[in-house]
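Next up, some structures in C-alpha cells.
There are two complexes below, and they share chain A, which is joined by chain B in the first and by chain C in the second.
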Partner chain A sequence: MKSLVGNYRGAIYPVNPNSKQAWGIDCWSSLTSITGVVDLAVIVVPASLVPETLHECGKKGVKGVVLITAGFREIEDELGGLLEDEIKKIAQLYDLPIIGPNTFGFVNRTAGVNASFTSEFSLIRKGGVSLISQSGGICHLCGFLAIEQGLGMSALMSLGNRCNFDFPEALTYFIDHDDATKVVALYIEGLDMPRHLIETAQSLRGKKPIVALKAGRSEKGDSASRFHTGSMAGNHQIWKGALKQAGILAVDTAEELIDTAKALDSCPLPAGPRIAILSGQAGPGMIAADTIDRAGLQLSNFTTETQEVINRLLPPIAIRTNPVDMGPAWYSPKDMLHILSATLDDDGTDGVIFLAMYASANLKLAEELLREFEESDTFPKPVMACFTAPPGVWDHAIQEIDGQKGMVVLPTPERAVKAMGNLWRMKTLLEGRVQSG
Partner chain B sequence: MDRLLIGVEAFDFLEKEGFPVLNSVLVHDADEAVAAAASMGFPVTLKIASPYAIHKTDVGGVKTHLASKEAVAQGYRGILDNFQSRWPDTRPDGIIIQKQGHGFELIVGTLTDPQFGPVIMAGLGGIFAEALKDVSFRLIPIEASDAKSILEDLRGYEALRKARGEAIDLALIERFLVRISDCLAGHREIQEMDLNPVFVSHRGVEICDARIKIGQ
Partner chain C sequence: MKSLVGNYRGAIYPVNPNSKQAWGIDCWSSLTSITGVVDLAVIVVPASLVPETLHECGKKGVKGVVLITAGFREIEDELGGLLEDEIKKIAQLYDLPIIGPNTFGFVNRTAGVNASFTSEFSLIRKGGVSLISQSGGICHLCGFLAIEQGLGMSALMSLGNRCNFDFPEALTYFIDHDDATKVVALYIEGLDMPRHLIETAQSLRGKKPIVALKAGRSEKGDSASRFHTGSMAGNHQIWKGALKQAGILAVDTAEELIDTAKALDSCPLPAGPRIAILSGQAGPGMIAADTIDRAGLQLSNFTTETQEVINRLLPPIAIRTNPVDMGPAWYSPKDMLHILSATLDDDGTDGVIFLAMYASANLKLAEELLREFEESDTFPKPVMACFTAPPGVWDHAIQEIDGQKGMVVLPTPERAVKAMGNLWRMKTLLEGRVQSG
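Moving on, here comes the complex of A and B:
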C-alpha cells in the first residue's frame, strides 16, 4: 500500500475483511464486492488463501496478478510444490497472467505503478531501461544503484517462481508491446528450459538491445564424460555461446549491466572501435587509456584538421595527442566542448571518453559546461563522461547533462571505457547477423 | 543401449555423411601395415584401434610422421608392445594406418546438454585441447554467422587467421561447422561427438580422429 498510495494515479482498492481502512483508504470486504474495474491485483495473503483469492480474481475479471506471497515451489516442504501446481491450474482456467509467486513485485516508472513491497523504487529516474530479473535481491541492488547513479528506468521486475509468466513472456512484452522500454536488461540464474528464452530473443533480434548478466560462472563441466567436448562443456560456457547466438550482450558484473544499459538507452552505437579520450587532468585520461585495449577498443589517431583545432586551443605544455590533457582549458569550458566537437567531427574517431575531476580552481566548470552543452547539437557519436566532485558541488549540472544529447555520465574512467567497449560489442553483435544475411 | 563408434567405424559414418576424413586403413599385422602405407604414400600416422584405448596418445598408441617402410614396421611393433604391456589379456582390433595430416589443429565436437539439448563446440585442438580449453559453444542448429563468431571467440583466432605459411580459408571451416550442426539435427541418436584433431590447411578441412556416442 505504501508503494502505491501517493504514486499511483488510478483507483486503489484495498481488500481486507478484517480492517476498515488501509493507508487512509476504505477497505473492501472482498474482491468481488468492488464496484469498479480491477486491472491488477497485488496479492499478499498467506499461501493457503491464495487459491481462493485467485478464483475471485478470475471471477472479477482481473487482467493480471502480482503474487508476492511466498511458500510455494521454493520451499523444502513438498506441499509448496503442490500448491503451486494448483494455482497454475486456476490461472489457466481464467487465462490469468501471474508475476510470481515469491516475488517482490514490479515497478513501472513510465505508468507510475509501484506494485512492489519497496516504495523507494518510485525514486528511480524515468528512462528507457527495463530490468527482468530472476532475483528480487538483484532488483534491489540495481534499483538502488540506479537511483544513486542516475540510471533512467522504465520498469523492473522479479519473476519469482515464474509460474506462468517467465522470461520469454516478459521479453516479448517489453520488446513488442511497451514503447517506453528502449533497452532490456536481464539477470538470469538458471532455467530448466533455456532454449525458450534463447529462441524468443532470436525471434525479436534487432528490435531493441538486450543485455544479460548470467550468474553461475564457477560451475564446472561434466567431468564424468569420456569425451573432450563433454568434459569441457561447462553450463556457463554454453550459456555464453547461446546468449551471443541470440544477439544478447553478456556482461560479467551488476555494475557493467547498469552502465551498459544506461549507455545503450542514451547513446548511438559507435561505427567502429576508435576512441578519443579527452580529460581535464592527465592521470584519469591515462588510466582510461590503459583499459582501452581490454575493452576491445583502440585509441584513435586525429586527422590534421582535428589536431590543428586542439593545438590552437591548448598550449604545448599539455599532451595534445590522444589521450588529450585538456588541463589548460580548465577555465574555458567552451574550449573543452570545442575540442569535444572537433574530435566528434573527426572521421577517424568513433566515440569519445570525456573526463573532468573537480578542483577548487574549476568550481564553476560543470555549470558553465552545462550552459555550453545546452547550446550544442545532439552528438552523432557516443560520449561516455566521468565527472567527479564532492557531494553537492556539481550534482545539478551532472544530472542535467547525464543521458542527454548522446552523453552519459558514469562513475569512473574505467567504467566509462568498459561501457563504450560494450556499445561497440553490441554493434558487432547486431551486425554480424546482418552481414551474413 | 549406448554404442561407441571409434576408429574406422567412426570414419565410415562420417564419410557416408560426406565429411572429409584423412585416408585410413585398418590393418592386422606389420606386413599389411607396410603395404598399406606404401600404397597411400609416406609419411603416415599409426594409431591403435581398441575400445580399451580411448585416449590413444596417453597409452603410447600413436606414432606420427613415419616416412619409410622400416619406420612403419617398427612403429607397428612399438604400438602393439605398449598396448600389450597394459592389457596383456586382450588384443586390439588392429592398427590404423592413416595418411599424415598437417596444418592447424582444431577440435570440433557436439554434446547433448540436459537443459540446452544438442550443442556444438569448436576450438584449438590436438593434444593441447584440454590444457588450453580455448573453445566456444553454440546451440544446434547454427547458421554461417554463428560459425564465424565461434571462431572469432577463440583466443587463438589470430593465430588461426595467420597460420604459419598456410593460407587457411576460414569460410571452409565455417561451412564445415554448419554441416556438422546439420548432420546432428538429422541424427538425433548422436549423443556426443569428438572430432580431434581436425586439420585445416591449404588442402582444406580433414578429420584426423573421431569418436561418436550413439544413444537412444
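Moving on, here comes the complex of A and C:
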C-alpha cells in the first residue's frame, strides 16, 4: 500500500474485512464487493487463504495477479508444492496470469505502478531498462544501484516461483508489448525448462537487446541456486552457449549488468571495435587504454584531418595520438568538445571514451558540455564518459548529461571501456558474427 | 592557498611581490624576508623563475619543496630537460627534497596539510591509506572515489617528474617514518630505474602492505605511458614478476586499488582461503558464491557447532549451508549477528562475506549492527560487507560501521569477494607462498 499510494494515479481498492481504512483509503470487505473494474490484484494474505482469494480474483475478472505470499514449492514441507499445484489449476481455470508466488512484486516506473513491498523503488529514474529477475534480492541490489548510478529503468520484476508467468512470458511482454522498454536485463538462476526461454529469445532476436547475468557459473554457485527457487541450474557451459545462440549477451557481475544495460539504453551500437580515448588527464586515459584489449576493442588510428584538428587545439606538450591527453585544453571546454566532435566524425573511429577528472582549472567543463548538448544532435556513435568530481561540484550537470544524446556516464575509466566492449559484443552477437569470449 | 587556508593549523606565508594579500593573509615580498621558520615551500611561479626560487628556498633553510610548475622534461622542447637538470643541481646543493616538478602536489589528511591545487581533497575521510601516484589525474580519480566510497586516507601524493623524490623515497617515508600510514597504494606508469623501487620495496617487505596498479599492461597502454612522464614503461610481464618478488600486490583497475587498500587498512589478513557467505537474501549470496573461485577463495564447510547455531536460528525453508540465506532472520538483526559471530568463531572459516539488501522488513539492520559494534571487540577475521539501500535509509549507520572492528563495506557482493580474495593473495605473498595469478 505504501508503495502504491501517492505514486499510482489510478484507483486503489484496499481489501481487508478486519479494517476500515488503509493508508487513508476506505477498505472493501472483499474483492467481489468492489464496484469498479480491477486490473491487478496484489495478494499478501497467508498461503492457506491464497486459493480462495484467487477464485475471487477469477470471478471478479481481475486481469493479473501479483502473489507476494511465500510458503509454496520453495519450502521443504511438501504441502508447499501441493498448494502451488492447486493455485496453478485455479489460475488455468480463469486464465489468470500470476507473478509469483514468493515474489516482492514488480515496479513499472513508466506506468507509475509500484506493486512491491519496497516503496523506495519509486526513486529510480525513468528510462528504458526493464529487469526481469529470478531473485527479489537481485532486484533490490540492482534497483538501489540504479538509483545511485542514474540508471533509467522502465520496470523491475521478480518472478519468484514462476507459477504461470515465467521468463518467456515476461520477455514476450517487455519486447513485443511494452513500448517503454528499450533493453531487457535478466537475472537467471536456474529453470525447469531452459529451452523455452532460449526459444522465446530466439524468436524475439534482434528486436530489443537482452543482457543477462546467469548465476551458477562456479560449481558452488550452481548447487546453491538449485536450492533457492527449487529449480535446476545446469551446467554453465551449456547455458553460455545457449544464451549466445539466442542473441543474449552474458555478463559477469551485477555492476556489469547495470553498466551494460545503461549503455544499451542510451547509445547506438558501434559499427566496429575501433575506439578513441580522449581524457582530460593523461593517467586516466592510460588506464582506460590498458583495458581496451581485454574488452575486445582496439585503439583507433586517427585520419589526417582529425589529427590536424587535435594538433591545432593542443600544444605539443600533450600526448596527441590515441589516447589523447586533453589536459592543456582544460581552460577551454569548447576545445575539448571540438576534439570530441572531430573524433566522432572520423571514419576510422567507431566509439569514444571521454574522461575528465574535476580540477579547479576545468571547473566549468560539465556545465559547458550540458550547454552544448542543448543544441547538438544525438551522437551517431556511442560515447562512454567518466566524469569524476567531489560531491556537489558537477553533480547536476552530470545527471543531466548522463544518458542524453548517446553519451552515458560511468563511475570509472575501466567500467566505461568495459561497457563499450559490451556494446561491441552485442553488435557482433546480433549480427551472428563469430567472436571469442 | 585555497587548499591550505582553513585546513592547515600552522603558519602560512604567502609570497608575492606584486600583491598585498592572498586569501586574507598578508603577503611577503620574498621568501628570504619571512621572519619565521619555513618547513615547506609550495612553488607555482613560471618555470623560468624556478631556479632562482629554489636558491632562495635553500638559503632560507626550507626543508622541502612542492614544485607544481610544469614545463620541464615532460615538454617536447629540449630546454625543458635542461631546466630540469639545472633544478636537480640546485636541489643537490642545498640537500632539498622536491616533490615534482609537474605535480598537483600532495595532501596529508593526518597532518591537515593540503599542498595541492585541489581544495576538495580535504573532504576525504581520515584513515590509513597513502597513495603515491605517478599521475595527478589518478590521484584525482582515486581521491574522488575515496570520498564517495568512504575510503579513509592519510596522504595522496603525485610524484610528477620525480626530480629527486621518487617512489623509493616516498615508500621509505610512508613505511618507515609515517605512523599514520597503514597501507601504501601505488600507481606506477614507468620508471627510469625500476630496480631501485623493487629493491626498496624488498627491503621494507612485510612492514606495511603495498598494493599497486601498474599501467602499461597492454602494448598500447605501455607506449602511451612512455610519453606521459618521459619514462620507459617496459614489458609488463617483467614488471609483474618484479612486483610479486618485492611483496607488492598488483591489481587490475582503479576500483580494485581502492577496494583492496580499504580492506587492507581495516581488516586482519585471513589465515586461509575458506570463506563463509552470509546473505540477507539468497540471490546476492549466490552471485557472491559465483565469484569465489575466480578470487582464489573457496566456500568453507561449517563445523557441526556452527551448523547447529544456524539451524536453530533459521527455519528449514532457508538455504542454511554455505552460502547462508538469512532472509527469515530479517525481523531479528540480532539473529543475523549471532550467525555472523558463530561463523567467525568457526575454525574452518577464515573470513566472512556479509551481505544485506535493504527491505522494509530489515529496516533496522544497519542501526542494530552499529549498536552491537559499540560493545563488540574487533573481529579476529576479515569481514567484507555489502549493504545496499536507497539513499538516506542506512547511510549514517553504514558510514559508521564501515572500516570499524575489521568490517569493511563495499558497493557490490562481487567487489566484496574480490577484496577478500586480495587479502588472501596479500597473505600468501607476504608469506612467500607460491600462488597462481
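The rule we apply is simple: the second predicted complex is superposed on the first by the 417 of 437 C-alpha atoms of A that agree within 3 Å, B and C clash if a C-alpha of one lies under 4 Å from a C-alpha of the other, contacts with A are read in each partner's own complex, and residues count from 1 in each chain.
Just so we're on the same page, a contact is a pair of C-beta atoms (placed from the backbone, for glycine too) under 8 Å apart; a residue touches a chain by one contact, two chains touch by 3 or more.
Quick caveat: nothing in here was measured; it's all calculated off a predicted structure.
Which holds for A:D265: it touches chain B only (first), chain C only (second), both, or neither?
In the superposed model, A:D265 contacts neither chain B nor chain C.
Looking at the overlay, does A:L191 come into contact with chain B only (first), chain C only (second), both, or neither?
The answer is first: A:L191 touches chain B but not chain C.
Examine A:D166 and indicate which partner it touches, taking first as chain B and second as chain C; both and neither are also allowed.
Neither partner.
Go through the superposed model and pick first if A:A359 touches only chain B, second if only chain C, both, or neither.
In the superposition, A:A359 touches chain C alone.
Once the shared chain is lined up, is A:E56 touching chain B (first), chain C (second), both, or neither of them?
A:E56 contacts neither chain B nor chain C.
I'd like to know which partner A:I147 touches here: chain B for first, chain C for second, both or neither.
In the superposition, A:I147 contacts chain C only.
With both structures placed on chain A, which of the two partners, chain B or chain C, ends up touching more residues of chain A?
The partner with more contacted residues on chain A is C.
Using the superposition on chain A as set up above, list the residues of chain A that contact both chain B and chain C.
225, 227-228
Flag every residue of chain B that touches chain A in the complex, lowest number first.
It is residues 54, 107, 109-111, 113, 115-117, 119, 121, 123, 129-130, 133, 135-139, 142-146, 148-150, 153, 192-194, 196, 211, 213 of chain B that touch chain A.
Quick check: in the complex, which residue numbers of chain A touch chain B?
So the residues of chain A in touch with chain B come to 191-195, 198, 222, 225-233, 235, 237-238, 240-242, 244-245, 432-433, 435-437.
State the interface residues of chain C toward chain A in the complex, per the touch definition above.
Residues 2, 70-71, 74-77, 104, 117-120, 123, 133-138, 140-141, 144-145, 147-148, 187, 189, 213, 215-221, 224-225, 227-228, 252-255, 279-287, 289-294, 298-299, 316-317, 319, 323, 325, 327, 357-361, 388-391, 393, 411-415.
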